[in-house]
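Both of the next two complexes hold chain A, though its partner changes from chain B to chain C.
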Partner chain A sequence: MTALPATTEKKLGLVIDLDTCVGCQACATSCKEWNTAGYSEPLTDEEPMGADPHGSWLNRIHGYEVKSAEDNTSRTVHFPRSCLHCEEPACVTVCPTGASYKRVEDGIVLVNPETCIGCKLCSWACPYGAREYDYSSGVMKKCTLCVDRIYNETFAPEDRVPACVKACPTGARHFGDIGDPSSDVSQLVAERGGFDLLGAFGYKPVNKYLPPRPKAHDNGAAAAEAAHAETISSTPPEARLEKFFAWADKVLSR
Partner chain B sequence: MSFEQPDVALNEPSADEIKTTTCYMCACRCGIRVHLKDGVVRYIDGNRDHPVNKGVLCGKGSAGIMQHYSPARLKAPMKRVGPRGSGEFEEISWDEALSLATDWLGTVRADDPKKLAFFTGRDQSQALTGWFAQQFGTPNFAAHGGFCSVNMAAAGLYTFGGAFWEFGEPDWERTKYFMLFGVAEDHASNPLKMALGKLKERGVKVVAINPVRTGYQAIADEWVGIRPGTDALFVGGLIHELLRTEQVDLDYLVRYTNAHWLVIDDPGAADHGLFARDADGNPLCHDKTSGGLKPAGDADITPALVGTFDVDGRKARPSFMHLAERYLSPDMAPEKVAEQCDVPADTIKRIAGELAEAAFKGEIALDIPWTDTHGRHHDKMVGRPVSMHAMRGISAHANGFHTCRAIHLLQILLGTIDCPGGFRYKPPFPKPPPPPLKPFGKPGTIKPNTPMGGPPLGFTAGPEDLLVDAEGTPQRIDKAYSWDAPIAAHGLMHMVITNAANQDPYPVDVLFMFMANMSWNSSMNIPAVLQHLTTKDPATGDYKIPKIIYSDAYGSEMIPYADLILPDTTYLERWDCISLLDRPISEPDGPADSIRQPVVEPDRDVRPFQTVLLDLGARLGLPGFVDEDGAPKYPGGYADYIVNHERAPGIGPLAGFRGEDGATYGKGAPNPDQLKAYIDNGCFHHHALDESHRFYKHANAGYLEWAKSVGFVGSTNPIVFQLYLEPMQKFRLAGEGHGEIQPPESHRKRITANFDPLPFWPGHADGGAPGGDAASEYDLHAITQRPMAMYHSWGSQNAWLRQIHAENRLYVHRKTAADRGISDDDWVWISSPIGRVKCQVRLMDGVNPNTVWTWNAIGKRRGAWGLDHDAPEFKRGFLLNHLITELLPAREGGYRFSNSDPVTGQAAWYDLKVKIEKADADAEGQTAPRFEAAIVPGMVKEPAE
Partner chain C sequence: MHPAYSVILFTTASGAGYGLVSWIAYTVLTGEVQNGAALNTVAFGLGLLLIAGGLLSSTAHLGRPERAWRAFSQWQTSWLSREGVVALATFAPILLLAWAVIIRDVSPSLAALAAVLTIIGAGVTVYCTGMIYASLRTIPAWNRPVVAPIYIVLSLTTGGVLYCALMAAFGRDIGSVGWLTLLAIFASLALKAFYWGDIDTAPRKWTAEDATGLGRFGRVTPLEPPHTQPNFVMREMGYKVARKHADKLRWSTTLCLGIIPGGALLLALLTGGVFAVVLTLAAVISAAIGVLTERWLFFAEAKHIVTVYYEGGAV
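On to the complex of A and B.
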C-alpha cells in the first residue's frame, strides 16, 4: 500500500464553475488531445469507427436535469468530472505498487505507468469514478493536471495551465493553488461558495465546484414598470393607440 | 515506508514547430496554433492573439486532429463507372479529372451557361466561387445560406444594413441585458460562449428564448420555453408593452430611422403604401417648425411622428403610425399572444419592463466625442445597454424573415443599434439597407461563352430587380429572385436537386457542388432526393441531372451520387482567405480578415478545391482566370490569387498589409509578401478603428468617411434604418395588380399576403400538413438542434466526437409523453404527411410541451464516413429530414411552392409538424427507415462472411 506525504507544499487543483459550463466538451477533447501525446501512455480509442466507440478520457461532461427541492422547478446542469486530486486519496493508499502517488510539492495525484500493474484497485477505491483503465496499454489513466504543461518552461507563462483551462470557452475552469488562501482560485471559492464534491465522504478533494449563481430573475424592473404602468393600465386596449399617439406627438428635433 | 517519487519530464516542448492558421471545424473561424512534432500534428490550441477566440477553443476545434487523420478522407480523384448510387468508381489522375470537368463545363458554357448549376455548400470562399460563376456566365450559383440563415442576413441587411452574427454582435463588455433567440450551437460558437461567461460574471441578466433548454439556455437566468415559430408574437407582445407604457426612444427614431417618413395613403393607387418623395426622390416628412413638408433627411427640423398630412392633394402619414397601429393592436397584447406562444402574459410584461429599465434607466455615456453626418459635434457616446442575438431557431421558419425583422424593430425602438451596450456593427458593415448590389441573370443576358455583367447574388428592391421572364418564369434553377422567393439573397440550394430533376424551370446539364451533403442531412425528404439523383429521362436515356461533379475531403453520403469526385484537402493542408469581400471575421472595434496556411502537406492525391477551381477557370479560358495570352493568371493556385487578384483597383481578397511595402490598409497595390506578413501576424489582420468611429457608425461622419476611403461604402450618406420596408410594399403592389411586372396568378395571393412592409405573424406554416395547423392530426412541432461537439455531417467520422454523440434520441416533454402512454426509453414512430421514422425517446422537463426535438445530423447512412457496418449512427441514429417535405402540397392552380420562406426562400426546416405513437417493442432496437448502404469506395466495412 502506498503512503501519502504528510503535507504537500501546494494544493494545485481546478475550480469548476457550474454556473457557466454549457457542456460544450471543449475541456474533454482538449484534454484528450493534449494527453494522448503527453505525459504517460497515449489515451487509446477502442473501435474508433465501430459499433461501440469508446476510449480513455481523463475528463467527461455529464448533463442533468435537476429539480429544486424548494419549489420543484427543473434546471439543466452540466457537470464536468475528472480527478479531484484529493488530500486523502483512497486511490493512492490502496495502490499495491506505489504507482499511484500524491506529489509532495503540489499535491497532484499521478500514476506511474512504469510501475502500474493494472490491478484496478484504485478505480474501485475512487468514489468519483475519475480513473479509467486502458485495456490496450494495461495501465490506469487519470487527470495529471497537465503536469507536463503547468511548469513547462518551453511554454509562454500564460500557457502554463492545464489544457482544459486554456480551452474552456466560457471561462468555467480555473487553475491554481487552493492551499493558498490568497490565490485567485481560493478567493473565487470563498466568494462563490465553492464546495467539495461528496465532501461527506472525507477524501478532501482539492478541486472545488462553484454552484450555479441564483438566477437574476426579477431585478426590480417589474416593480418599476408596474408603477409606471399603473397610470396607463386603465386604458382599455382599443384606446391604447390614441393615448400613445398623444404621447408620441412631441416636438422632436433631428 | 518512505516513498520516492518518480521523475516526471516537466519541460518537454509541445512541438518541433508551432504554426498558426484558422480552424474549420465549424463556421466560427477561430485562430488556432498547430503543434507539429516529427511532421505530425500533435496538438491544436487557440491563438490568444486572435480576435475571434482569444485563445480558447471549443470541443470541435480541439478534436481537429482526428478530422485531419480521419479514415473517411478521400484519397484520389474518381470517376463513376457503375450506375449512379452504386458506389462503383475508378480512381483517375488529376489530369484526367480536370480534362473531363473542363470538357463537361466547356460544352455547357458554349451552349447555354445556365445549364451549369454551381452550388458550394459550406464554402468560406464565396468571393472566389461567386466570381467563377459570374465569369463562367451562369446565374445558378449560391452557397448554403439559403438552407441555413438567409433570413437573418436578409432581415438585418434590409432593415439596418447589418445582421446578427457576422455583421454585428452585442457590446459584450457594456451590455446590461441580453436576449438570445433560437440559438443552440449554431454560429459564433466561441465568441458566444466567451461572452456568456463574462456576462454571468458581471451579473448581467441573460434571457434565452428557445423551445429547448440545453447548452446556453441552461445557464441563462431566464429560459423562455417558447412554442416554435411564434417568436414574432412574443416580440410583438414586448413591443406592444413598450409602446403602451411609452418606453421607446423617439429621439433615436427620428434621427436614425424612417419613422417620420410619410407613407402615401391612397388605397388602390399604384403608389399606395410607398413613401411620399420630392422631385429628387427624397422621402418627405412633416416638419412641425415650418408646418410643411421637408426632405426627411434634413437636419434641424422637427419631424412629426403622428398626424395625417397633405402631399399634393393626397393623404400621407408617418410610417411610425403604421408601426404603432400594428403593434398596439389588441392582437399583439400580451394576453392575446400568450396562449399562442406558450409564454405567460405576465412574463412578457415583466420582460418588457426589464428591457425598458435596462435601456432607459441604465443609460450609459462614454466620454468619446464624435461628429454625426449632419456635422454636429457630440461630447459623448450615449448608450442604451440592451443587446440581442438570434439565429437558426428564428431563421429556419417560413416566417423567419418577418420574425427576425420584428426582433430588429425591438432593438431599434429601444434605441440600441450601434450604441454603447447595444448591438454593434462589425465593419465593413453597416451598408445601406439593402446593399446596392443587384443579382444578375435577367432573361436575355445569359449568353454562350460570355461572363455575366455582375455577380449572381444581390439584393432586390422591387419587381424590376427580379430574375423572371414576361410570364414570371424563374430564370434560376433554384427559383431565387423569382416570385417564389423575391429576396432570395443567398439562393435556395435545398431546391436545386429537386428542380433540376423535375426540369423545373428548365433542365441543367452539370451540377457542380462543393462541401454539402445534399443526398443526406442537408436535404429535405431524402427518399425523394435520392430518386431525383438517379432518375433517368426516358427521352434521352440519361440521368435527369446528367452530370454531377462533387468536391469534398470526406466520404459522405453524397459521394456515391456524383459522377466525378474532386477530392479536397483538409483544413490543415490548404491556403484560404476569410475575406472582407465575403464573410469576414471582423469585430465591432475594427474589421479583420484572416488566412489559412498549409501546416502539413497532403499524404495523398488530393488538391485544395479553390486551387482546382482556378485551374478549371484557366482551362476554360474564363476572363480573369487567364492573362492576355491565355495562360493561367494564377499559376500558383489559390495563394497566388489571394495575393494578386484585384476585384477593383487596389482591392483584393485581403485588406491588410497591402501596397508594395505592405504598409497600406484596405486599398493598395498587391504586396508579394502579403501572405508572409499575415503568417507573421498569426494568420490574421485586425484594423483598429479610431475610437471616435466605434459607435453610431450608421450616422458617424468620421467613420463613414473612413469606410468610403477603404471601399466599404460607396457614399458618406447616413444609413437610415428601415422600420417600414418599402421594397416589400413594391412587391405587394405588383401582387395587387400594379406595374408592368406582376406575379403569375398562382402567386398573387402569396405575394400580397407575405410582402407586408411591417413584420407580422402569418400563423403557423403548415409545413406540408394537409388541413392547416389547427385541424391537423400532426399536433407536435418537431425541431433539431446542433450539438456543441458536432458540426453537421462532418462530426461522425471523428473518432473522438463520435464517442460523445454516435446516436440520438427524440426528446419529449414528460407530460406530453405521459398523455400518449409513452415512457422513457420507449420506441416511437414519428409521422408526418410524407413519411415516418422510428426512434427511441428520452423524456425531459426542459422542452416546450408542444415540441419534440433531436440532435441534428447524427443519423448516418451505412457505407459512408468510413464507419463500420454496425455503427450506432446507422442503427440508433435517425434524421427528421425524411419527414420534412421539400415541396408544399399543391395550391390553387396546382402550383407547388417549395417549403421555404415566401420572402427569402429560406428553407423552413423548423415548420415540421408530427405526431408520435408508441412503437411495438423491437427486438433489434433499431431506428427506421434504414437505407441500403451508400457505398463510398474504400470505406465499405461489411461484416466478414
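On to the complex of A and C.
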C-alpha cells in the first residue's frame, strides 16, 4: 500500500559527516557493486564503454565550493546524496501501483521491482533526486539501505551495515536507529548539530548530515601563526646573523 | 521537465475527447441534441477514439506497460491511480449516452442521467490528470491552484472546437455549443496568461544552500560534478530546450489556441453554411497545434527542485 504508516517501530537511516567526507567515491562504488547483485534487479549501465556512459546509481557524491561572505574564503565540501528514507515521502504516496512502500518495522523506503510499472512519477515527487530509473529493466531504482545486508545473519555482526558505511575509509558514514534517542547515531546528531536537507520542505528526512567543523584558523591556529610571524620579525638582525653563524659552525664541525 | 511525447499526446487527445463527449452530453440536457445517426456515430466514435487512444498512448512511456493494470489499485493516495479508475468508470455513461443518442430507444430520464454522469466523469478525469502535476511540490511551476482548472478549460476548448467542426461538416447549425466554446477559449486565454504571469513572478523558494544545508557557511556553488555524463535525474528533470524560446512559444500558444480558433469560430457562427465548414476546420487544426505547444511548454518550462544540486542557484 502507498498509504504511509502512522509511525514506524524504528527509523533506520544514515548519518553523513560532511566534515570528514573526502569525496573518494568509495561509498558510491561499493553501493553499486553490492546492489547490482542485491535486492532489486541489476543496476544496469548504458553504454559503459561508449561515448555517453550512464546508468543507475543509488548514491551520488557532489563537490561544492562554499564561499563565506564574511572573510571571502572558500572551502570545498564533499556531499554524498542518496535516499533519505523520509518519514513522509511523497514518492510513496504518488505511486499508482503500490510498488513503492515504507516499511512499518524499520521505516525503510523500498520499490518492489516485481510490481513497478516504471511510470517515473515517484522520481518527480522526490526533491533529492534519490530515485534513478533503470532504462534497461524498466523499473525505478533507489537506496534499499542494504536491507539484504543489515539483517543478514550469515554475516558477522560488524558487517551487518550498508555497503557504503562499510566502505567509507574516513568513517564519515554512520548507520543506526535515528528514532532511538539513546542510539550512537542519535547521540552523534545531537552532539554535532546534525541537520535535515530541505527541512522546510516537510518530507521529514530520516538521514541526517553533520556540518563541517569550524576551520582550523577559526579556533586559534591563526592567532598562533600570527604570534610566530611576530617572533621572527621582532628578532634583531644581528641576532639572526649570529644564529646563522652558530648553525654554520655546527654544520662545518661535523 | 523532460516532455515525454506519449504523455503530451495522451493529455491533449484524451482532454479533447472528454471535452467532445461532454458537449454532446450538454446538448442532450438542453434538448439541442442533433438528429442523425451519422453525425452522432462519428462524434462519439471520434470522442472514444481520442479518449481510448490517449489512455493507450499514456502506457507507452511506462517501463513495463504490461503491468499497467496495477495502476488502478492505489486510488486512496495517488492522483495517477485515481485518474485511471475514473477514466475506466466513465466509459460506462459515455457508452450509454452514445446508445441513447444514436439508437434512441432509451428513456429520456436515463439519457439525462447518462449525460450528467458523462459530464461529471469527464470533468473528474481531466481534473485528476491536472492534479497529477499540480500535486507535485517539487515542481513549483506545476504546484499551483490554477493548473487543474487549466486542464479542464483546455479540454472544453479543444472538444468544443472539434464538435463545432463536426456539426458544421454535417451541415448543422452550431448553436449554443459554439458560443459556449468561445467562452471556454476566452477562459483558456485568461487562465494561461494568469499562469504565465504567476510562474514568472513567483519567488524562487528553494536554493542550493537549503538543499545542502550549507547556507550558514556561505554561498554554495557546484564544484565537482558527481558523474561525467548526465544521469536519469538530469535527463528527466534538467530539460532546458524550451526555456530559451519560452516567449515565442507562449505567443504562438496564445495565437493558435486562442486568437485564431476564437476568431474563426466567431466568424463561423455569424456566417454559417460552407464558410462555417472551412472556418471551423481551420479552428480545429489551429487549436490542435496550440494545445500541443501549450502542453509541451508546460513540461519544458517547469523546473524541478533537484536541479539546484547540479546547477546551484534557486528554483
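Following the convention adopted for this analysis, the second predicted complex is superposed on the first by the 219 of 254 C-alpha atoms of A that agree within 3 Å, B and C clash if a C-alpha of one lies under 4 Å from a C-alpha of the other, contacts with A are read in each partner's own complex, and residues count from 1 in each chain.
One rule holds in what follows: a contact is a pair of C-beta atoms (placed from the backbone, for glycine too) under 8 Å apart; a residue touches a chain by one contact, two chains touch by 3 or more.
All figures in this text were calculated on a predicted structure; none of them were measured in a lab.
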Touching partner for A:P211 - first (chain B), second (chain C), both, neither: second
Chain B versus chain C as contact partner of A:V77, first or second or both or neither: both
Partner chain(s) touched by A:N112 [first = chain B, second = chain C, both, neither]: first
Partner chain in contact with A:T2 - chain B first, chain C second, else both or neither: both
Touched partner set for A:D45, first chain B, second chain C, both or neither: first
Residue contacts with chain A in the superposition, chain B compared against chain C: B
First (chain B), second (chain C), both or neither touched by A:C146: neither
Contacts of A:L198 with chain B and chain C, given as first, second, both or neither: second
Which of chain B and chain C A:A125 touches, first, second, both or neither: second
First (chain B), second (chain C), both or neither touched by A:G98: both
Doubly contacted residues of chain A, that is, touched by chain B and again by chain C: 2-3, 23, 28, 52-55, 57, 63, 65, 67, 74-77, 98, 115, 212
Chain B residues touching chain A - in the complex, by the definition given at the top: 1-3, 5-6, 8-14, 37, 42-46, 48, 53, 55-63, 65, 71, 185, 189-190, 193-194, 196-198, 200-201, 203-206, 213-219, 221-222, 243-247, 250-251, 254-255, 260, 288, 298-307, 320-321, 324-325, 328-330, 333, 349-350, 352-354, 356-358, 361, 788-789, 797, 799-804, 806, 844-846, 866-868, 870-872, 875, 941
Touch list for chain A against partner chain C, complex: 1-3, 18, 23, 28, 52-57, 60-70, 74-77, 79, 81, 90, 92-99, 115-121, 123-129, 132-135, 137-140, 195-201, 209, 211-212
List of chain A residues in touch with chain B within their complex: 2-3, 5, 19-26, 28-30, 32-34, 37, 39, 45, 47-55, 57, 63, 65, 67, 74-78, 98, 101, 103-104, 110, 112, 114-115, 147-149, 151-155, 158-159, 163, 166-172, 212-213, 215-222, 224-226, 228-229, 232, 235, 237-238, 240-241, 244-245, 247-254
Chain A-touching residues of chain C, taken from the complex the two chains share: 1, 61-65, 67-68, 70-74, 76-81, 84, 132, 135-139, 206, 208, 210-214, 216-233, 235-237, 304-306, 309-310
